[in-house]
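Presented sequentially are two complexes of chain A, the first with chain B as partner and the second with chain C.
The block that comes next holds the complex of A and B.
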């Protein structure tokens, strides 16, 4: 399937340089370039308005090493909008610009309460620190409490912005004897704590046994410093891993009750049911929108897919959890744009050749790989593992029965946090359901991320291959090391696809200029 | 009144010209990625600062 009328989408590789940044921005035709320019301007104004006009935030810029990565915010947006036109460009900006504003506000709040920077004690007394990989549904009934994740600001976002952002912290953690083969994400988070580079604020913290043993290791290092040195008590939310089993649900619900009681005790605030059910309605609306987008992606004209689906779902589902109305508004706008594009049979690239399901834990230092797949080889990333999260509607009206059900719903959402709902819970959620999605989405290809340090997935390697052979599906393994491009570079990631497409599929790229890029030094 | 009107018109015209010139300048910055080229140049300065000027209590 081809679209010949798109302006300026050939030779996208010519924009790359050997250094940190691209030579220039894309020419997308008059209307789309003007639109992209207006959003660029909007984002700079947002960053100045929320962060850069406040002296305390400038002070933080010179205190925390990870803050240097935020210099690359506009480039991250450019990476994700590469080759996009019309509604797809607008959908991407609708999402990315909102995320930029949300993260800017997160930084501003962190530094406001930080004992080293703003030291606003009254504000800090209402702050609850939460894990990076933690569903914030636990905070849906606390409208006056401020949940903040230091790890999202110090590791998660910086690696999206700058592929090398976590290297210093990984090295620090290993210098102090932490194992080198552990997942670099919790290792970097632990490194930030060891390096004394995390803001210190909040009246308490809630950590969750989210993803893996590495995550537990990182949390133990962080909580030790929080509790023993900073005097910030930490609650360990131990959510069951076999989340599809009925007999674990009561235990999961009790953990939620305990966590709520802990937050009430430490903040002095009471759980607010009216606010909870307001948020629950927004969670259901987000689920409904996501299901509609996925339904569209089953057709020949997918609209909200690739990184437009992945990054937004991660943010909206996990970090927002219905707490902010602006995300509901964004859901509505994105759905309207997607419907419009669907009616016009719009394509997001020059050519669609293959329909792929992206499975496994994606490379964080190369989140725009999905955009590259589409532009370079015409492989349409219909959906990804991290976007295939909860599809159940939760109780959203305030009745005595629903108040009890709500605790089970929060537990269910926490158990089904992105990634953990697939990497844990048995082979059905990781293996069997992949092949169901392949059929549902009419995919002819599976791109399987192999995160080298993720023990949860590596053990299933042979079973994936066996099933792919049986079903006649092209299965392409793509190895990476999540936060560490020194182990496998971005070009190393691309080479795995390039070799498969040339040798097995016997194809030439749609845009040959993107096949080999010298972006090892790039942000 | 006419003179005041003319003066206001002239000020408005000048403001418009400044706005257009400002936007054109910003568009050059945008298109040639000058904002990112500038921030990329700032990165080593900040790194030097983190390495040499920030006192840390680094420990496990």
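The block that comes next holds the complex of A and C.
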């Protein structure tokens, strides 16, 4: 399928330079270029308004090494909007700009309570620290408690902004004696803790055994710092691994009850059922919207897909969990834009050649790879593993029965956290369900991220290959090391696709200017 | 010292997963319950009519097939087991019990299942994957008990007609305890200034109790204990320092031999397949069912790094300290099998804490599953021993 009516740049590779930034902004026609520029300006204003106008936050810029990466926020959004026009451009901005505002507020709150910076003790006494990869559904009944993740601010977001942001912390952890083969995400988080480079605040922390053994064990380094040195009590929320089994659900629910009791005790706040069910309604609305978008992606005209879907789902599903109305508003706007584009049969790139399911754990330092995949080779990333999360509606009206059910719903959501719902739970959720999605989405290709340190994914390598051969699906492995571009560079990631498309598929790129890019120095 | 009478016999048992006692037990009509992780309560796998074998892959060579299925990034233990399973090395098994102890062991067991490595032509064969607690508390205990019922006892009863009553479990605990008491008593001989058993010999004997039907070992364990009571130590000890060996899975006594060849006596064994805490007897009372008591003791005594609560984290260090003091260790050797995530973190933290907070000399190493050709490892251990020895000579710690 081709879109002959698209306006603006055709050779997107010409935007790249050998340095950190692009040569110029993309030309998208008068209306879209003006719109895109207004959003670029809007994001700068947001960052100034929320973060940079406050002297304490400027102090934080100099205290925390990872803060410098936030200067690259506008460029990150430019990477994700590459090639987009019309409704697709607006959908992307609805998603990304809201995430920017949410992260800006996170930074501001972290520094407000930080003992080293703002030291607002009253505020800090209502802060509960949570893991980077933790479902915040546990906070849906605490309207006055502030859940904050130091790891999102110090490692998760900076690597999205700047591919080299975590290298220092990875090196710190390895110099301390950590083996170099563990997943670099918890490794970097441990490095931040060893380096004592995270804000210190909060009345308590709730850790969770999230995605993998590395993530679970990285928590031990962080809790040692928090509990034994900073005096911040930590609750470890142990969520079952075999989350599809009936005989673990009671255990999961009891862990949630215990976690709520811990938060109540440490914050002095009480669980608020009215607020919980308000949030539950928003969770259901977000689920409904996501399911509608995925339904569109099963057709020839997908509208909400690729890295934008993944990033937005991660934020909305996991970190927001219905707690903020502004995300419900965004869901509504995105749905309206998607419907409009669908009716007009809009395409997000010049040409669609292949329909792909993106599986595995994405390269964090190259999150916009899916944009490249679409623009360079016409491979449409219909959906990805991170977006294939909970599809169940949870109880959202306040009745005595639903109050009991709600605990199981929170447990279920926590068990089905992004990534975790596939890396844990047995081969059925990782292996078997992939092929079901391939069929449902009428895909002819699977792009399988092989995050080399992800043992849960690596452990099914051979089975993925055998099943793909059996089903006659093109399976393209894309190796990377999640947070560490020194191991496999962005071009190294691209080359794996380039080789497959040229040698196996015998195809030429849609946009040859994107095939080889010197972005090793780029943010 | 004079050779132990049955050492070669015990060593032979470790040469093959399907050793002579496994063969004999199966000939007697007993069902072989293979298992992988130390978090599987052993007495439940040794009820009347069945016996347990903890899977190992002795004399592992190439792991090419397993590496294809699981890549080279998974720990060699999990790959060696899968390779052996694909080769048909565990065909003696009648079922596999696999707790989700870690992702790698989970994937190893799942590949075994998907590839039908052990079940071909066996009508009642079953693979069971178990959830096990990650925290030691009442909620964890409830989960543990339920999982053992659903994934061990019920399948054993339904598939093989095994008696899983409380009385049957208590009987299995009695047998289990007899083996544990003998292993503990034999291990006591490591405490003396002139020990009459080496760490290598002890590891061979201990390992056999995981790899062979326990009841068939009791006579020879008793004889060995008697023999040790009379055994004369060497006039001049070949060992210069005493070390506690702490860390992940070791199922090859050759590694302990390698350490001891460099002049360090392995006086205490705190690793998976070691005797601490794996050979702690289980105490049962009459006021509660045996299953709950077994699970509680397994959960609270466990030293596996997958236990994530802070109390357990701290206890893992104090436990090592207690053992090191009790057995007179001069230093601690923290080890992990390469690519093991849980122990990568616990080794890092443990080695710093034991050095900085407890004051022990610590050597921290990662090692391959197979011990052959590890000259660098030998050199590192030698250097560590020399440094501990020098400290001892100078009267420091």
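We adopt the following convention: the second predicted complex is superposed on the first by the 522 of 523 C-alpha atoms of A that agree within 3 Å, B and C clash if a C-alpha of one lies under 4 Å from a C-alpha of the other, contacts with A are read in each partner's own complex, and residues count from 1 in each chain.
The working rule: contacts are C-beta pairs under 8 Å (C-beta built on N, C-alpha and C of every residue); 3 or more make two chains touch, one makes a residue touch a chain.
Predicted model, so just to flag it, every value in this text is computed and none were measured.
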Notebook entry, point to check: Since both structures carry chain A, what do chain B and chain C do when superposed there: clash or fit?
Noted result: fit
Margin query: Just to be sure I read the superposition right, which of the two partners does A:300 touch: chain B = first, chain C = second, or both, or neither?
Written below: neither
Notebook entry, point to check: Which angle, to the nearest 10 degrees, do you get at the Cα centre of chain A between the Cα centres of chain B and chain C?
Noted result: 140
Check: Of the partners chain B and chain C, which touch A:452 in the superposed model: first, second, both, neither?
Finding: second
Next item on the list: Check whether A:37 is in contact with chain B, with chain C, with both or with neither, and answer first, second, both or neither.
Entry: first
Next item on the list: Identify which of chain B and chain C touches the larger number of residues of chain A.
Entry: C
Notebook entry, point to check: Is A:181 contacted by the first partner chain B, the second partner chain C, both or neither?
Noted result: second
Note to self: Contact-wise, after the overlay, does A:521 reach chain B, chain C, both or neither (first, second, both, neither)?
What the structure shows: neither
Next item on the list: Considering only the touch criterion stated at the top, classify A:227 as touching first (chain B), second (chain C), both, or neither.
Entry: second
Notebook entry, point to check: So, does A:432 touch the first partner chain B, the second partner chain C, both, or neither?
Noted result: neither
Check: Touching A:251, do we find chain B (first), chain C (second), both, or neither?
Finding: second
Margin query: Rounded to whole Å, what minimum CA distance do you find between chain B and chain C in the overlaid structures?
Written below: 7
Check: Which chain A residues come up in both lists, the one for chain B and the one for chain C?
Finding: 176-177, 221
Item checked: Residues of chain C that touch chain A when the two form their complex -> 68-71, 73-74, 78, 100, 102-104, 106-108, 110-111, 114, 129, 131, 133-135, 139-140, 142-143, 146-147, 150, 305-306, 308-310, 313, 336, 338-339, 341-342, 344-349, 351-352, 364, 366
Check: Across the complex, what residues on chain A touch chain B?
Finding: 19-25, 27, 33, 37, 40-41, 44, 61-63, 65, 67-68, 71-72, 74-75, 172, 176-177, 194-197, 221, 523
Next item on the list: Spell out the part of chain B that touches chain A in their complex, as residue ranges.
Entry: 26-27, 30-33, 35-37, 39-40, 42-43, 46-47, 49-50, 53-54, 56-60
Next item on the list: Under the touch definition given earlier, write down the residues of chain A that touch chain C in their complex.
Entry: 173, 176-179, 181-183, 190, 207, 209, 212-214, 216-221, 223-224, 227, 234, 236, 238, 240-242, 245, 247-248, 250-251, 254-255, 258, 423-424, 426-427, 450, 452-453, 455-456, 458-463
